[in-house]
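Structures incoming, each one as structure tokens.
Two complexes are shown next, each including chain A; its partner changes from chain B in the first to chain C in the second.
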Partner chain A sequence: MNEQILFYLFSSFTVLTALGVIMSQNPVGSGLSLVATFFSVSGVFVLLAAPFLGVIQVLVYAGAILVLFLYVMMLLNLSDDTSLLNSPNHLLKCLVGMGLMGVASFGLWQWLKTIEMNASTTDETFGGLFELSKSLLGENMISFELISLVLLASIVGVVTLTALDRHEEES
Partner chain B sequence: MIPLQQVLMLSFTLVLIATVGLCIRRDALTLFLCVELILNAANISFVGFARHVGNVQGHVAVLLIIALAAAEAAVGLALVIRLKKTGQPLLVEELTELKN
Partner chain C sequence: MNLLFEHDVLGALLRIGVVLGLVFGVFVYLMVWAERKVSAAMQDRIGPNRLGPMGLLQGIADGVKFLFKENIKLNHVNPVFYLLAPALAVFPALFVLGAVPLGVKKIGEAFVPLVIANIDLGALFIFSVSSLSVFSILLAGWASNSKYPALGGLRAAAQMISYEIPMGLTLMAVVLLTGSFKFSDIVAAQTGQTWFFMVCPLGLIIFMVAMFAETNRLPFDLPEGESEIVGFHAEYAGLKFAMFFMAEYANMFTVSVACVFFFFGGWELLPFYSWQQLSETIGVPLLEHSFLWVLPSLWLLFKVAIFIFIFIWVRWTLPRFRYDQLMRLGWKKLIPLSLVNLAITLFLVVRMGA
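Here is the complex of A and B:
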């Protein structure tokens, strides 16, 4: 029962902060809302028997990627985006959007009722570090190597994009 | 034990919110944040299914997605910084040409 209440708490916090991301006027406000979203998603991960992923989410996603985002936002000094509130028929658009979302959610809920609900694992060591690393470096070895290649490609891309800048400034 | 339906509903709600955000926002960085939100919704769904099936492959997929999002964020931000140097505002409606 406690798990259920905690899950409702974390998921409602996730949805609220996600709404804060899209409705914030300031880009920095969106970034900070997204940090809060990541923290609550990490809580959801822990509730879903994935404690290592919860920690990794906070460390890598909220702690590195979003910090990078916030650095860039602070560096660029972006202006506020007030086009949402000033647009005509704003309330009508919100209601139509919510109506569509309600219809889609209702359809999904009807389909989801047909799925067998019981989880098949009661093992306490599920989602632990040992099994995860055994799987990552065992049968998913190729994906692991490929993702390191992707990271290398992104590093090369970033350096190329910013080094071209410096070349132009010097010449 | 949290039922799978609720996990999937949460993931679906996040995807909807992020897609709506992707459609209504104009500046490039906020669009990028919405894409990250979609990836997180996919992560939640992966973890839910991993617990349902009993396989750790879902967790491995989440790790790979997080790493991919990091790579994509780095390249996207480098592009944004580069675009800012041209002096135009970073609104997607006005970034229509590939040159400059």
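Here is the complex of A and C:
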């Protein structure tokens, strides 16, 4: 019962703040709403018996990535009327977005029908640190390492690109 | 899903009230007083001595002063973001206390830590929630709509993100030694044996340096830089400034408690000599006693007080780092060193079984 109340609290807060991200007239307001969204999503994660995911969500997304987003926004000094809703052909954009959303939800629905919902997915150890690390560094090790390789490659790529710029400026 | 509901709501509210009251009403108050007194002693001054014994009531006068200062309304700021910034400073400082244990009591056979919620990921929770405090600084600098605070806010945000990395990597070494993020497990791994500062002294040094940088204290107080470079809260006055101020002291308390738990055995008595052994020696069950169970809590607070003293001591000993020196120290020295520390700890855990 308590969990249900908390679930509705967190999920409605998530939806409200996500709306705030796209409705806000101010880019920094959007960024801050996104922080609140991540924060409430982490609450939903905790309720879904994945506390580690929830804490990491706050640490990585809210605490690190969004700080860099806001950092850049504050440096760029964007004007207030860059909101999506004020742009000229917003009806077309809305329709395209809703169409994509429809395709995505149809795919999700098809996938959800195939999996069996049973109690064994939420036993005592589910979502715990040991099970998560066993799964990440055991059965899913190859894909886990591949993802970190992709991240490393992108970091190296960014550094190379910015270094190229600087090199050209100097010469 | 017994993470949140293993205790009743009323008891939880009571614990929240006691912990927040203790930390914000007593510890932060005493820290501000100690800061003034110790600073005065180090500069061969007397310090506050008019209000109450040894100037202990000075803090109340300061609070009243903050409260009754003119609430300046700035015309050039966006009021929503401007007022949100100090609130965002206090929120993580309060929220993080939910997982900070302040002592232990033995009930039956179980050791029950005195904490609002003894969550499995306590150490990680503290780390991740306190990383949110950077938003308040960034927002305060930006919302002030003024040059110096804007530069100060960006400077502070870059500093806090940089020093979070060595801090997190050092925490990983502690977690490797413990096998758990839970504070009671971290203490249990140090009970009656070596404390972690003996196992990884390098980790302790890195953690302490990162601690000073994360709480914006000298020698890393560039975010504030009161004497020359002017920081993110230059446009804040009165109670709004006091909120930043109190959050800073609460963060100092939190990181000190975390450091005591990670490296100095938490509430435990001495390395190789636990409270349990002491109670067996003197024949009094200390941890189950009706009032002597506060001894571990007081011992923990004593260790924290030593750290607070070190904070103040360092403040009046070292000059401020220059910004490029700060960044070089963080990225080129501390991060490689903390990786070395992690590797050494990993080696110890694998070879010795820790």
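We adopt the following convention: the second predicted complex is superposed on the first by the 130 of 171 C-alpha atoms of A that agree within 3 Å, B and C clash if a C-alpha of one lies under 4 Å from a C-alpha of the other, contacts with A are read in each partner's own complex, and residues count from 1 in each chain.
Quick note on the criterion: a contact is a pair of C-beta atoms (placed from the backbone, for glycine too) under 8 Å apart; a residue touches a chain by one contact, two chains touch by 3 or more.
Quantities reported herein were computed from a predicted structural model and do not represent experimental measurements.
Trainee: Tell me the contact category for A:L129 with respect to chain B and chain C: first, second, both or neither.
Mentor: second
Trainee: Of the partners chain B and chain C, which touch A:A49 in the superposed model: first, second, both, neither?
Mentor: After superposition on chain A, A:A49 lies in contact with both partners, chain B and chain C.
Trainee: Of the two partner chains, chain B (first) and chain C (second), which one does A:V15 touch, if any: first, second, both, or neither?
Mentor: first
Trainee: If you stack the two complexes on chain A, which partner ends up touching A:V67: first (chain B), second (chain C), both, or neither?
Mentor: A:V67: touches chain C, not chain B.
Trainee: Touch test for A:V58: chain B only (first), chain C only (second), both, or neither?
Mentor: second
Trainee: Would you sort A:E3 into first (chain B), second (chain C), both or neither based on which partner it touches?
Mentor: In the superposition, A:E3 contacts both chain B and chain C.
Trainee: May I ask you to decide whether A:L76 touches chain B, chain C, both, or neither, giving the answer as first, second, both or neither?
Mentor: A:L76: touches chain B, not chain C.
Trainee: Among the partners chain B and chain C, which is in contact with a greater number of residues of chain A?
Mentor: The partner making contact with more of chain A's residues is B.
Trainee: Touch check for A:I147: first (chain B), second (chain C), both, or neither?
Mentor: first
Trainee: After the superposition on A, what does A:T162 contact: first (chain B), second (chain C), both or neither?
Mentor: After superposing on A, A:T162 lies in contact with chain B but is clear of chain C.
Trainee: Looking at chain A, which of its residues have contacts with both chain B and chain C?
Mentor: 3, 47, 49, 52, 56, 64, 68, 75
Trainee: Can you list the chain B residues touching chain A in their complex?
Mentor: Of all residues in chain B, those touching chain A are 1-10, 12-14, 16-18, 20-21, 24-27, 29-30, 32-34, 36-37, 40, 43-44, 47-48, 50-54, 56-57, 59-60, 62-64, 66-75, 77-82, 84-85, 89-90.
Trainee: Give every residue of chain A touching chain C within the complex, in rising order.
Mentor: Going by the criterion above, the answer is residues 2-3, 6, 26, 28-29, 32, 35, 46-47, 49, 51-52, 55-56, 58-59, 62-64, 67-68, 70-71, 74-75, 128-129.
Trainee: Inside the complex, what are the residues of chain A that reach chain B?
Mentor: 3-4, 7, 11, 14-15, 18-19, 21-22, 27, 30-31, 34, 37-38, 41, 44-45, 47-50, 52-53, 56-57, 60-61, 64-66, 68-69, 72-73, 75-76, 78-79, 81, 83-84, 97, 101, 104-105, 108-109, 112-113, 115, 117-121, 123, 126-127, 131-132, 135-136, 140, 143-144, 147, 150-151, 153-155, 157-158, 161-162, 164-165
Trainee: Please name which positions on chain C make contact with chain A in the complex.
Mentor: Touching chain A from chain C are residues 1, 3-5, 78, 80-81, 84, 119-121, 124-125, 127-129, 131-132, 134-135, 138-139, 141-142, 150, 153-154, 157-158, 161, 164, 180-181.
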